[in-house]
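These notes concern the structure reproduced below.
Here the chain labels run A, B, C and D in written order, and each chain numbers its own residues starting at 1.
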Amino acid sequence: MWVTESPLMLDPLLRETEDVSSGALVIFVGTVRDENDNRSVGGMTYEAHVSLAEKVLHEIEQEVLARFEVRRCRIQHRIGRLELGEPSVQIVVRGGHRAAAYEASRYAIDELKRRAPIWKEEHYTDGASRYLDGTPLQPGGDSA
Amino acid sequence: MWVTESPLMLDPLLRETEDVSSGALVIFVGTVRDENDNRSVGGMTYEAHVSLAEKVLHEIEQEVLARFEVRRCRIQHRIGRLELGEPSVQIVVRGGHRAAAYEASRYAIDELKRRAPIWKEEHYTDGASRYLDGTPLQPGGDSA
Amino acid sequence: MQIRVVFYGGLKQDVGAKIQTLDIPQAGLTVGELADVLRERYPVLQPRLSTVAYVVNDEIVSPDYVLHDGDEAAVLPPVSGG
Amino acid sequence: MQIRVVFYGGLKQDVGAKIQTLDIPQAGLTVGELADVLRERYPVLQPRLSTVAYVVNDEIVSPDYVLHDGDEAAVLPPVSGG
(Lines give C-alpha, C1' and ligand atoms only; values in the text may rest on other atoms or scores of the structure.)
Protein backbone atom coordinates (compact mmCIF):
# COMPACT_ATOMS: atom_id res chain seq x y z
CA MET A 1 0.00 0.00 0.00
CA TRP A 2 1.46 3.32 -1.14
CA VAL A 3 -1.43 5.80 -1.10
CA THR A 4 -4.05 5.84 1.64
CA GLU A 5 -6.86 7.92 3.09
CA SER A 6 -6.08 6.55 6.57
CA PRO A 7 -3.66 8.30 8.93
CA LEU A 8 -0.08 7.19 8.30
CA MET A 9 1.39 5.02 11.06
CA LEU A 10 5.12 4.51 11.40
CA ASP A 11 5.16 1.34 13.50
CA PRO A 12 3.61 -0.99 10.91
CA LEU A 13 6.10 0.24 8.30
CA LEU A 14 9.01 -0.31 10.71
CA ARG A 15 7.82 -3.85 11.42
CA GLU A 16 7.32 -4.54 7.71
CA THR A 17 10.92 -3.49 6.96
CA GLU A 18 12.66 -5.17 9.91
CA ASP A 19 16.07 -6.49 8.88
CA VAL A 20 18.89 -7.60 11.15
CA SER A 21 21.40 -7.16 8.33
CA SER A 22 20.71 -3.39 8.29
CA GLY A 23 22.52 -1.24 10.83
CA ALA A 24 21.13 2.11 9.68
CA LEU A 25 17.51 3.24 9.55
CA VAL A 26 16.64 6.64 8.08
CA ILE A 27 13.05 7.84 8.23
CA PHE A 28 11.65 10.91 6.50
CA VAL A 29 8.22 12.20 7.46
CA GLY A 30 6.58 15.25 5.93
CA THR A 31 4.03 16.92 8.20
CA VAL A 32 1.50 19.72 7.69
CA ARG A 33 3.01 22.95 8.98
CA ASP A 34 1.20 26.04 10.18
CA GLU A 35 2.72 28.51 7.72
CA ASN A 36 3.69 28.77 4.06
CA ASP A 37 4.80 31.80 2.05
CA ASN A 38 4.04 33.90 5.15
CA ARG A 39 0.41 32.80 5.20
CA SER A 40 -1.10 31.10 8.23
CA VAL A 41 -2.14 27.56 7.30
CA GLY A 42 -4.89 25.64 9.11
CA GLY A 43 -4.87 22.38 7.17
CA MET A 44 -4.22 20.70 3.86
CA THR A 45 -6.09 18.52 1.39
CA TYR A 46 -4.07 16.05 -0.68
CA GLU A 47 -5.43 14.57 -3.89
CA ALA A 48 -3.78 11.88 -6.01
CA HIS A 49 -4.26 10.07 -9.27
CA VAL A 50 -4.25 7.04 -7.02
CA SER A 51 -3.46 4.19 -9.39
CA LEU A 52 -0.63 6.08 -11.13
CA ALA A 53 0.70 7.41 -7.81
CA GLU A 54 0.87 3.88 -6.40
CA LYS A 55 2.74 2.78 -9.50
CA VAL A 56 5.19 5.69 -9.31
CA LEU A 57 5.91 5.25 -5.59
CA HIS A 58 6.52 1.55 -6.12
CA GLU A 59 8.89 2.38 -9.00
CA ILE A 60 10.80 4.83 -6.81
CA GLU A 61 11.19 2.15 -4.12
CA GLN A 62 12.65 -0.23 -6.72
CA GLU A 63 15.01 2.44 -8.05
CA VAL A 64 16.23 3.19 -4.53
CA LEU A 65 17.07 -0.48 -3.97
CA ALA A 66 18.85 -0.67 -7.33
CA ARG A 67 20.83 2.59 -7.10
CA PHE A 68 21.92 2.69 -3.46
CA GLU A 69 23.53 0.22 -1.07
CA VAL A 70 20.37 -0.22 0.96
CA ARG A 71 18.19 -3.22 1.70
CA ARG A 72 14.70 -1.85 2.41
CA CYS A 73 12.68 1.08 1.08
CA ARG A 74 9.02 1.84 1.67
CA ILE A 75 7.11 4.98 0.74
CA GLN A 76 3.57 5.91 1.75
CA HIS A 77 1.55 9.06 0.99
CA ARG A 78 -1.65 10.16 2.65
CA ILE A 79 -4.56 11.72 0.76
CA GLY A 80 -7.65 13.59 1.95
CA ARG A 81 -7.98 16.32 4.53
CA LEU A 82 -5.10 16.63 7.01
CA GLU A 83 -4.84 18.74 10.13
CA LEU A 84 -1.75 20.61 11.32
CA GLY A 85 1.08 18.29 12.34
CA GLU A 86 -0.33 15.22 10.60
CA PRO A 87 2.07 13.23 8.42
CA SER A 88 1.43 13.50 4.68
CA VAL A 89 4.27 11.23 3.57
CA GLN A 90 6.59 8.72 5.25
CA ILE A 91 9.68 7.08 3.81
CA VAL A 92 11.59 4.28 5.54
CA VAL A 93 15.04 3.22 4.33
CA ARG A 94 17.21 0.56 5.96
CA GLY A 95 20.71 -0.40 4.93
CA GLY A 96 24.05 -1.65 6.14
CA HIS A 97 25.55 1.79 6.62
CA ARG A 98 24.26 5.28 7.18
CA ALA A 99 25.75 7.24 4.26
CA ALA A 100 23.84 5.26 1.64
CA ALA A 101 20.68 5.24 3.76
CA TYR A 102 20.65 9.04 4.01
CA GLU A 103 21.29 9.44 0.27
CA ALA A 104 18.60 6.92 -0.62
CA SER A 105 16.07 8.65 1.62
CA ARG A 106 16.76 12.04 0.02
CA TYR A 107 16.51 10.53 -3.44
CA ALA A 108 13.13 9.00 -2.59
CA ILE A 109 11.54 12.22 -1.34
CA ASP A 110 13.07 14.34 -4.12
CA GLU A 111 11.77 11.95 -6.79
CA LEU A 112 8.36 11.70 -5.13
CA LYS A 113 8.00 15.48 -5.24
CA ARG A 114 9.02 15.50 -8.90
CA ARG A 115 7.12 12.48 -10.22
CA ALA A 116 4.19 11.44 -8.01
CA PRO A 117 0.79 12.62 -9.33
CA ILE A 118 -0.26 14.23 -6.06
CA TRP A 119 -1.56 17.75 -5.40
CA LYS A 120 -1.96 19.76 -2.26
CA GLU A 121 -4.54 22.40 -1.56
CA GLU A 122 -3.63 24.64 1.34
CA HIS A 123 -6.38 25.88 3.63
CA TYR A 124 -5.55 29.17 5.27
CA THR A 125 -6.78 30.29 8.65
CA ASP A 126 -8.51 33.26 6.97
CA GLY A 127 -10.84 30.81 5.17
CA ALA A 128 -9.20 30.91 1.75
CA SER A 129 -7.79 27.86 -0.04
CA ARG A 130 -5.26 27.49 -2.80
CA TYR A 131 -3.68 24.75 -4.90
CA LEU A 132 0.06 25.20 -4.79
CA ASP A 133 2.12 25.64 -7.92
CA GLY A 134 4.10 22.53 -8.65
CA THR A 135 6.40 20.63 -10.97
CA PRO A 136 5.13 19.71 -14.46
CA LEU A 137 5.12 15.94 -14.95
CA GLN A 138 7.50 14.59 -17.56
CA PRO A 139 6.89 11.44 -19.56
CA GLY A 140 9.19 8.50 -18.97
CA GLY A 141 9.53 8.42 -15.21
CA ASP A 142 13.08 8.04 -13.95
CA SER A 143 14.70 8.65 -17.32
CA ALA A 144 13.23 12.17 -17.44
CA MET B 1 17.60 11.90 29.11
CA TRP B 2 20.36 11.13 26.63
CA VAL B 3 21.87 7.81 27.77
CA THR B 4 19.75 4.94 29.07
CA GLU B 5 19.86 1.26 29.89
CA SER B 6 16.21 0.89 28.86
CA PRO B 7 15.20 0.01 25.30
CA LEU B 8 14.94 3.10 23.10
CA MET B 9 11.37 4.02 22.14
CA LEU B 10 10.66 6.33 19.23
CA ASP B 11 7.12 7.41 20.10
CA PRO B 12 7.96 9.31 23.30
CA LEU B 13 10.70 11.22 21.47
CA LEU B 14 8.31 12.07 18.62
CA ARG B 15 5.74 13.37 21.10
CA GLU B 16 8.39 15.34 22.99
CA THR B 17 9.47 17.09 19.78
CA GLU B 18 6.02 17.75 18.25
CA ASP B 19 5.99 21.09 16.43
CA VAL B 20 3.39 22.33 13.95
CA SER B 21 5.87 24.85 12.56
CA SER B 22 8.08 22.01 11.30
CA GLY B 23 7.19 20.39 7.98
CA ALA B 24 10.10 17.95 7.84
CA LEU B 25 11.00 15.19 10.29
CA VAL B 26 14.18 13.18 9.79
CA ILE B 27 14.90 10.26 12.10
CA PHE B 28 18.11 8.27 12.27
CA VAL B 29 18.21 4.98 14.15
CA GLY B 30 21.27 2.79 14.49
CA THR B 31 20.48 -0.88 15.04
CA VAL B 32 22.59 -3.93 15.88
CA ARG B 33 23.34 -5.80 12.70
CA ASP B 34 24.19 -9.44 12.29
CA GLU B 35 27.56 -9.02 10.60
CA ASN B 36 30.67 -6.84 10.81
CA ASP B 37 34.01 -7.23 9.04
CA ASN B 38 32.71 -10.54 7.69
CA ARG B 39 32.16 -11.93 11.17
CA SER B 40 28.76 -13.17 12.29
CA VAL B 41 27.52 -10.98 15.16
CA GLY B 42 25.03 -12.18 17.80
CA GLY B 43 24.76 -9.08 19.95
CA MET B 44 26.50 -5.98 21.27
CA THR B 45 27.31 -4.43 24.61
CA TYR B 46 27.53 -0.64 24.79
CA GLU B 47 29.34 1.11 27.61
CA ALA B 48 29.46 4.86 28.24
CA HIS B 49 31.11 7.36 30.51
CA VAL B 50 27.52 8.25 31.31
CA SER B 51 27.80 11.74 32.76
CA LEU B 52 30.19 12.97 30.06
CA ALA B 53 28.20 11.26 27.32
CA GLU B 54 25.00 12.97 28.47
CA LYS B 55 26.81 16.31 28.42
CA VAL B 56 28.25 15.70 24.94
CA LEU B 57 24.94 14.58 23.43
CA HIS B 58 23.21 17.62 24.91
CA GLU B 59 25.95 19.85 23.46
CA ILE B 60 25.51 18.28 20.02
CA GLU B 61 21.75 18.94 20.19
CA GLN B 62 22.44 22.60 20.98
CA GLU B 63 24.97 22.86 18.14
CA VAL B 64 22.49 21.36 15.69
CA LEU B 65 19.89 23.98 16.63
CA ALA B 66 22.47 26.78 16.30
CA ARG B 67 24.08 25.67 13.03
CA PHE B 68 21.13 24.45 10.97
CA GLU B 69 17.71 25.84 10.12
CA VAL B 70 15.91 23.30 12.29
CA ARG B 71 13.66 23.66 15.31
CA ARG B 72 14.00 20.42 17.27
CA CYS B 73 16.84 17.96 17.89
CA ARG B 74 16.93 15.07 20.34
CA ILE B 75 19.56 12.36 20.65
CA GLN B 76 19.41 9.21 22.77
CA HIS B 77 21.92 6.36 23.11
CA ARG B 78 21.32 2.99 24.68
CA ILE B 79 23.88 1.22 26.88
CA GLY B 80 24.09 -2.35 28.13
CA ARG B 81 23.56 -5.61 26.27
CA LEU B 82 21.61 -5.35 22.99
CA GLU B 83 20.25 -8.11 20.80
CA LEU B 84 20.24 -8.14 16.99
CA GLY B 85 17.97 -5.50 15.52
CA GLU B 86 17.68 -3.45 18.69
CA PRO B 87 18.24 0.31 18.37
CA SER B 88 21.47 1.58 19.90
CA VAL B 89 20.96 5.24 19.03
CA GLN B 90 18.06 7.40 17.85
CA ILE B 91 18.18 10.96 16.57
CA VAL B 92 15.08 13.05 15.85
CA VAL B 93 15.33 16.33 13.92
CA ARG B 94 12.39 18.54 12.95
CA GLY B 95 12.55 21.70 10.88
CA GLY B 96 10.72 23.83 8.40
CA HIS B 97 12.25 22.21 5.33
CA ARG B 98 13.87 18.92 4.52
CA ALA B 99 17.33 19.91 3.25
CA ALA B 100 18.39 21.38 6.58
CA ALA B 101 16.75 18.55 8.50
CA TYR B 102 18.76 15.91 6.61
CA GLU B 103 22.01 17.84 7.04
CA ALA B 104 21.37 18.38 10.73
CA SER B 105 20.63 14.69 11.26
CA ARG B 106 23.86 13.65 9.56
CA TYR B 107 25.84 16.19 11.56
CA ALA B 108 24.38 14.83 14.79
CA ILE B 109 25.27 11.18 14.13
CA ASP B 110 28.71 12.05 12.71
CA GLU B 111 29.56 14.16 15.75
CA LEU B 112 28.18 11.54 18.13
CA LYS B 113 30.47 8.93 16.62
CA ARG B 114 33.44 11.28 16.90
CA ARG B 115 32.84 12.79 20.34
CA ALA B 116 30.55 10.72 22.55
CA PRO B 117 32.44 8.62 25.14
CA ILE B 118 30.71 5.36 24.23
CA TRP B 119 32.25 2.00 23.37
CA LYS B 120 30.86 -1.08 21.75
CA GLU B 121 31.89 -4.65 22.36
CA GLU B 122 30.77 -7.02 19.62
CA HIS B 123 29.72 -10.52 20.57
CA TYR B 124 30.23 -13.02 17.78
CA THR B 125 28.16 -16.10 17.22
CA ASP B 126 31.30 -18.23 17.68
CA GLY B 127 31.45 -17.08 21.33
CA ALA B 128 34.25 -14.53 20.98
CA SER B 129 33.91 -10.85 21.87
CA ARG B 130 35.87 -7.80 20.84
CA TYR B 131 35.95 -4.08 21.54
CA LEU B 132 35.99 -2.27 18.24
CA ASP B 133 38.71 0.16 17.28
CA GLY B 134 37.43 3.69 17.37
CA THR B 135 38.15 7.39 17.13
CA PRO B 136 40.51 8.96 19.69
CA LEU B 137 38.74 11.67 21.68
CA GLN B 138 40.02 15.19 21.19
CA PRO B 139 39.87 17.90 23.84
CA GLY B 140 37.57 20.86 23.21
CA GLY B 141 34.45 19.23 21.81
CA ASP B 142 33.04 20.95 18.75
CA SER B 143 36.09 23.12 18.13
CA ALA B 144 38.27 20.04 17.65
CA MET C 1 -17.51 8.85 -29.87
CA GLN C 2 -17.21 9.63 -26.18
CA ILE C 3 -14.09 10.41 -24.14
CA ARG C 4 -14.18 10.70 -20.37
CA VAL C 5 -11.87 13.47 -19.22
CA VAL C 6 -10.81 13.61 -15.56
CA PHE C 7 -9.33 16.84 -14.20
CA TYR C 8 -6.97 16.82 -11.22
CA GLY C 9 -5.77 19.44 -8.75
CA GLY C 10 -6.61 23.04 -9.51
CA LEU C 11 -7.86 22.13 -13.01
CA LYS C 12 -11.10 20.69 -11.65
CA GLN C 13 -11.84 24.02 -9.98
CA ASP C 14 -11.19 25.86 -13.25
CA VAL C 15 -13.48 23.52 -15.19
CA GLY C 16 -16.07 23.32 -12.42
CA ALA C 17 -16.19 19.51 -12.38
CA LYS C 18 -13.77 16.66 -11.86
CA ILE C 19 -15.15 14.50 -14.68
CA GLN C 20 -16.52 15.62 -18.05
CA THR C 21 -17.69 13.38 -20.86
CA LEU C 22 -16.90 14.85 -24.26
CA ASP C 23 -18.80 13.92 -27.43
CA ILE C 24 -16.33 13.93 -30.28
CA PRO C 25 -17.64 13.86 -33.88
CA GLN C 26 -14.92 11.55 -35.15
CA ALA C 27 -13.73 7.97 -34.56
CA GLY C 28 -10.20 8.60 -33.27
CA LEU C 29 -8.65 11.58 -31.52
CA THR C 30 -5.02 12.15 -30.66
CA VAL C 31 -4.12 13.57 -27.27
CA GLY C 32 -2.83 16.64 -29.10
CA GLU C 33 -6.26 17.06 -30.67
CA LEU C 34 -7.88 16.57 -27.26
CA ALA C 35 -5.81 19.51 -26.01
CA ASP C 36 -7.27 21.63 -28.82
CA VAL C 37 -10.78 20.55 -27.86
CA LEU C 38 -10.17 21.42 -24.22
CA ARG C 39 -8.72 24.81 -25.16
CA GLU C 40 -11.87 25.57 -27.13
CA ARG C 41 -14.43 24.32 -24.61
CA TYR C 42 -12.71 25.63 -21.47
CA PRO C 43 -10.97 28.92 -22.32
CA VAL C 44 -10.09 29.24 -18.62
CA LEU C 45 -7.67 26.32 -19.07
CA GLN C 46 -5.78 28.10 -21.87
CA PRO C 47 -2.83 29.38 -19.78
CA ARG C 48 -2.43 26.06 -17.97
CA LEU C 49 -2.54 23.52 -20.79
CA SER C 50 1.13 24.00 -21.65
CA THR C 51 2.19 22.41 -18.34
CA VAL C 52 -0.27 19.53 -18.04
CA ALA C 53 0.40 15.84 -18.60
CA TYR C 54 -2.14 13.40 -20.08
CA VAL C 55 -2.52 9.96 -18.55
CA VAL C 56 -4.30 6.97 -20.09
CA ASN C 57 -4.26 3.56 -18.37
CA ASP C 58 -1.75 4.79 -15.77
CA GLU C 59 0.78 5.87 -18.39
CA ILE C 60 1.76 9.40 -19.32
CA VAL C 61 1.03 9.56 -23.05
CA SER C 62 2.47 11.74 -25.81
CA PRO C 63 0.46 14.08 -28.09
CA ASP C 64 0.29 11.46 -30.87
CA TYR C 65 -1.37 8.84 -28.65
CA VAL C 66 -4.76 7.96 -30.19
CA LEU C 67 -7.86 7.89 -27.99
CA HIS C 68 -10.79 5.65 -28.88
CA ASP C 69 -14.46 5.58 -27.94
CA GLY C 70 -14.91 4.98 -24.22
CA ASP C 71 -11.33 5.87 -23.27
CA GLU C 72 -10.62 7.87 -20.15
CA ALA C 73 -7.95 10.56 -20.24
CA ALA C 74 -6.70 12.18 -17.05
CA VAL C 75 -5.40 15.74 -17.21
CA LEU C 76 -2.69 16.35 -14.60
CA PRO C 77 -1.39 19.80 -13.67
CA PRO C 78 2.09 20.29 -12.14
CA VAL C 79 2.42 18.12 -9.02
CA SER C 80 2.96 19.24 -5.43
CA GLY C 81 3.00 16.12 -3.27
CA GLY C 82 5.21 15.43 -0.31
CA MET D 1 47.79 10.68 48.11
CA GLN D 2 45.21 8.52 46.39
CA ILE D 3 43.86 8.79 42.85
CA ARG D 4 40.94 6.70 41.64
CA VAL D 5 41.50 5.64 38.06
CA VAL D 6 38.54 4.36 36.01
CA PHE D 7 39.23 2.42 32.82
CA TYR D 8 36.68 2.33 30.00
CA GLY D 9 36.10 0.12 26.99
CA GLY D 10 38.82 -2.37 26.15
CA LEU D 11 41.21 -0.79 28.67
CA LYS D 12 39.42 -2.35 31.62
CA GLN D 13 40.00 -5.79 30.11
CA ASP D 14 43.71 -5.02 29.65
CA VAL D 15 44.02 -3.84 33.25
CA GLY D 16 41.76 -6.55 34.62
CA ALA D 17 39.55 -4.14 36.58
CA LYS D 18 37.37 -1.12 35.82
CA ILE D 19 38.51 0.87 38.87
CA GLN D 20 41.96 1.00 40.46
CA THR D 21 43.02 3.17 43.37
CA LEU D 22 46.62 4.33 43.03
CA ASP D 23 48.76 5.41 45.98
CA ILE D 24 51.01 8.21 44.81
CA PRO D 25 53.95 9.25 47.00
CA GLN D 26 53.57 12.98 46.28
CA ALA D 27 50.98 15.73 46.90
CA GLY D 28 50.10 16.68 43.31
CA LEU D 29 50.32 14.75 40.07
CA THR D 30 49.79 16.03 36.54
CA VAL D 31 47.80 13.95 34.09
CA GLY D 32 51.00 13.59 32.08
CA GLU D 33 52.67 12.10 35.15
CA LEU D 34 49.67 9.83 35.69
CA ALA D 35 50.24 8.46 32.20
CA ASP D 36 53.83 7.64 33.20
CA VAL D 37 52.57 5.86 36.33
CA LEU D 38 50.06 3.83 34.28
CA ARG D 39 52.70 2.93 31.73
CA GLU D 40 54.90 1.59 34.51
CA ARG D 41 52.24 -0.29 36.47
CA TYR D 42 50.35 -1.73 33.49
CA PRO D 43 52.85 -2.47 30.72
CA VAL D 44 49.97 -3.98 28.71
CA LEU D 45 48.59 -0.45 28.30
CA GLN D 46 51.82 0.83 26.73
CA PRO D 47 50.72 0.65 23.08
CA ARG D 48 47.31 2.18 23.83
CA LEU D 49 48.16 5.18 26.00
CA SER D 50 49.02 7.37 23.03
CA THR D 51 45.36 7.42 21.93
CA VAL D 52 43.55 7.74 25.27
CA ALA D 53 41.86 10.82 26.70
CA TYR D 54 41.77 11.65 30.40
CA VAL D 55 38.56 12.96 31.95
CA VAL D 56 38.17 14.66 35.31
CA ASN D 57 34.83 16.08 36.45
CA ASP D 58 33.29 15.46 33.01
CA GLU D 59 35.95 17.49 31.21
CA ILE D 60 38.70 16.18 28.95
CA VAL D 61 41.86 17.46 30.60
CA SER D 62 45.28 18.23 29.17
CA PRO D 63 48.59 16.65 30.36
CA ASP D 64 49.36 19.63 32.60
CA TYR D 65 46.11 19.32 34.58
CA VAL D 66 47.01 18.71 38.24
CA LEU D 67 45.30 15.89 40.15
CA HIS D 68 44.88 16.12 43.92
CA ASP D 69 44.22 13.61 46.68
CA GLY D 70 40.84 11.94 46.20
CA ASP D 71 40.43 12.93 42.55
CA GLU D 72 38.99 10.49 40.06
CA ALA D 73 40.50 10.28 36.60
CA ALA D 74 38.78 8.38 33.82
CA VAL D 75 40.91 6.87 31.06
CA LEU D 76 39.01 6.75 27.76
CA PRO D 77 40.19 4.77 24.73
CA PRO D 78 39.08 5.71 21.20
CA VAL D 79 35.27 5.81 21.05
CA SER D 80 32.97 3.63 18.96
CA GLY D 81 29.39 4.66 19.80
CA GLY D 82 26.49 4.93 17.41
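In the analysis below, a contact is a pair of C-beta atoms (placed from the backbone, for glycine too) under 8 Å apart; a residue touches a chain by one contact, two chains touch by 3 or more.
Source: prediction; values computed, not measured.
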item: Topological distance between chain A and chain C, in contact steps; value: 1
item: Chain B-chain C separation of Cα centroids, rounded to whole Å; value: 50
item: Distance from the mean Cα position of chain D to that of chain C, given in whole angstrom; value: 76
item: Distance between chain centroids, defined by C-alpha means - chain B, chain D (Å); value: 26
item: Residues of chain D engaged with two or more neighbouring chains; value: none
item: In chain B, residues with contacts to at least two other chains; value: 30, 109
item: Every chain pair meeting the contact rule; value: A-B, A-C, B-D
item: Residues of chain D defined as touching chain B within the complex; value: 8-10, 13, 51-53, 55, 58, 60-62, 74, 76-82
item: For the chain A and chain B complex, residues of the former touching the latter; value: 10, 18-35, 84-85, 87, 96, 98, 102, 105-106, 109
item: Interfacial residue positions of chain B with respect to chain D in the complex; value: 30, 46-49, 51-53, 55, 77, 88-89, 109, 112-121, 131-140
